[in-house]
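Each chain gets a letter, A, B, C and D, in the order it is written, and its residues are counted from 1.
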């Protein structure tokens, strides 16, 4: 994959600042949506790469996603360090984000969740294959801390574990963490939220299809590629844009005003 | 099936205009209900044949059904074209509706959804047979874009695909789209909403019956015919009229005022 | 079972009228609770034997239970006839209630629902045995309209079908209607609501226990008898009294003020 | 296990009184959270050991947990007796709490629930092993009233049954009651709520993993020990503190102001 850094906008400071505000606003809504859609519970987190500096990312302080506000968003470097000192606790697993951003220049948003129907796929040998979610191709690898680091508390709480996880993720969009949860990546906050929600939805479909028994017709890689092609550009009224508006309304209703 | 066109009311323009308003009002509520009942999520759509012109139908612009208002309803022709130019994006899969209206003069409302428990039946060999939903007879055929058009993004985004789907649907009330969703048709907006909700409900019942194991006693075709007979006329306080009132209240509570 | 008729209170008209008001108030709340607890959807109904006349019962006009108010409650005789003429539509299946009240003097409240996890037990050979719900003993018989009357629309829409169903119910507390729903009976409105909710809950427990596999330890009949003994008297703060207060609050929140 | 009694604070009466108020406030919220998270329904209860006297505990009068307020909290001794006379009904199963507090000085909070996905594990031979919930080690024993006392109504309604249950619980954090529910213990109200919620969550994960089929990779005891180590101290922003804030907001929204 070609390394690509996103250039700082040249139209001046106020445009840049507007772009940053937009990303932060989306990130706050993303936290609320992931909670309202039952992808995260009190745990889990979502981040966005800084729109002006590819070596930084934005994420909430250690807080339940359903409660996150603009004031909670902090700036981190790719070693998982805080850019400005802050006394508030931070997520122990921020290295999931820092190392994925380091390894994948194409990724601009990351979700880590314990999405309930996805976890069972992390502890069995049933692969999480796509019925509707084309972005599950080429594959959904499973990262096991046990293989990488022996006995741990399963948290990705160091750069080394983050790096190992990013390596397992490779060029895929979703990786599972055994007995723990998953990581979903995308080119924007809205796309990663869309993917996190439909990763859970696809897991439910697959579980139910397995309960019906017999062979399952999965999405063909060729079909998935065509589906992803249309999702790969922003189209007002379509794709992740359409669901975002709906989910945002529901999320604010459930979790309260911003 | 005898071709039947619905004559324009002869009691003058204001009656006609009232009838149109009623259909549009029902159509907006239908969008909200299908969302509140978890039949559609951010995607899926519902349409109604134009009450004055069988060669036209009414449907929202490309928008999440849970957010649709009267201002979103547009008029389409049977080639899927907009009757009046409109800058707002439209559903790519409008050809599901146009081609079903063309092929089935008895149909006055169409739902396309990704109803979650129905999708698994589209990718396995377990037929979606009726336990309670008599309208699933004669059968629930499965349309596969792969058979009709090879590798696609699975969307019914052309008249040709819509026509092929309508052909698979035949004289049935429900057809599944492999790895994608389903199409439900009916003689009115209220009936098609009723059917879309109970298609999902029947899928859940059948999945659970299969989990209990052993032979399943399905509704007999003779029983289904008698059930459908009583559903085939409007009866205030009964059938789809009774649930409509309840679902409407719930839907407005969940999705907000019209 | 000894025939027992409940004597009209002797403390005068105003006490009698108060007792009637209390039963009607409970009946309205029961409608709302059964909806809010997902035991009924837009269909299903609940009735109470008239507290002053064992040959009459009280039930809503044909309306979705979640919308029922005091003004909807009508009085019926044991032939399913309206005591006072009323232009509003009535439930077609009122004969479930009339014939159960005729056959079972001990019964003072009846629920008919399509409780979703119970229906699968009506179309398979898996008996609905008690894990926690002791009142499922001696047994939960299945009534099949097909055996009783051949091809029908499955509705209990005549005294003859009601009588046949009551016969199948016998001295049990719950009977299933094949491919349709169930009937639950009790000594009061609060008890029948309690039973209807826990019939569904027990069905879910049993379905999940079957999915875990292997032999299941059911409640012993001796244990069930002891459990039912404590439920057979009103105890403020215990049994159905405790849940009623909670469910009532939830139901009014979901369905709106009375 | 070394017997440990918590000394009364020496900083005077007002500090002591503040500590008691805090525990009671948490206990009320715990009742609401357990209801809002669907761990308890109208039944079930949660208690806290008295912060000043290890021979007493605090628990609501017999009331649905979702309705409990500060005025409902009563003080009990370790024989299950009320410390001050009170006319209001009390939970029949208070001996679960009294005997666990007697047997386990390390325990400062107890939940008894009928948590829906946990019950099936109590009536089958499938052990409730940890996929994510490390506190399920060493094991989750099953207490059966039938083995302890023959035919009963299954309620733990005497000191003798409470003692037998506490013995089965041993040094574990969770025990199941056959055909009935479970008991969860912890070092604080917040921790026991966390454990009760994740006991249910782990049961769901395990049930689904079993439905996927094949061998399941459970949490290793060594991993569980490391996970529990980090949970064994209060860490603002982490562990049970993080979820508490979220669950509290949701619970008050669902069950009403305190």
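Rule of thumb we're sticking to: a residue touches a chain if its C-beta (ideal position, glycine included) is under 8 Å from a C-beta of that chain, and two chains touch if they have at least 3 such contacts.
Model, not experiment: these values are computed from the prediction.
Contact with subunit A and subunit C alike is made by B, D. In this structure subunit A contacts its sequence twin subunit D using mostly different residue numbers, the overlap staying below half. Annotation, subunit C versus subunit D: rotation angle of 90 degrees from the Cα superposition, expressed as a multiple of 5.
If each chain is reduced to the centroid of its CA atoms, subunit B and subunit C end up 34 Å from each other.
The residues of subunit C that reach two or more other chains are 211, listed in rising order.
Taken as a contact graph, the chains are arranged in a single closed ring, with each chain touching exactly two others.
This structure has the following touching chain pairs: A-B, A-D, B-C, C-D. Interface residues of subunit C facing subunit D in the complex, by the touch rule stated above, are 131-132, 201, 204-205, 208-209, 211-220, 222-223, 226-227, 229-230, 235-238, 242-247, 249-250.
Put simply, subunit A touches subunit D in their complex at residues 35, 41-43, 61-64, 66-67, 88-89, 92, 114, 116-117, 119-121, 123-126, 144-146, 151-154, 178-180, 207, 210-211, 255-256.
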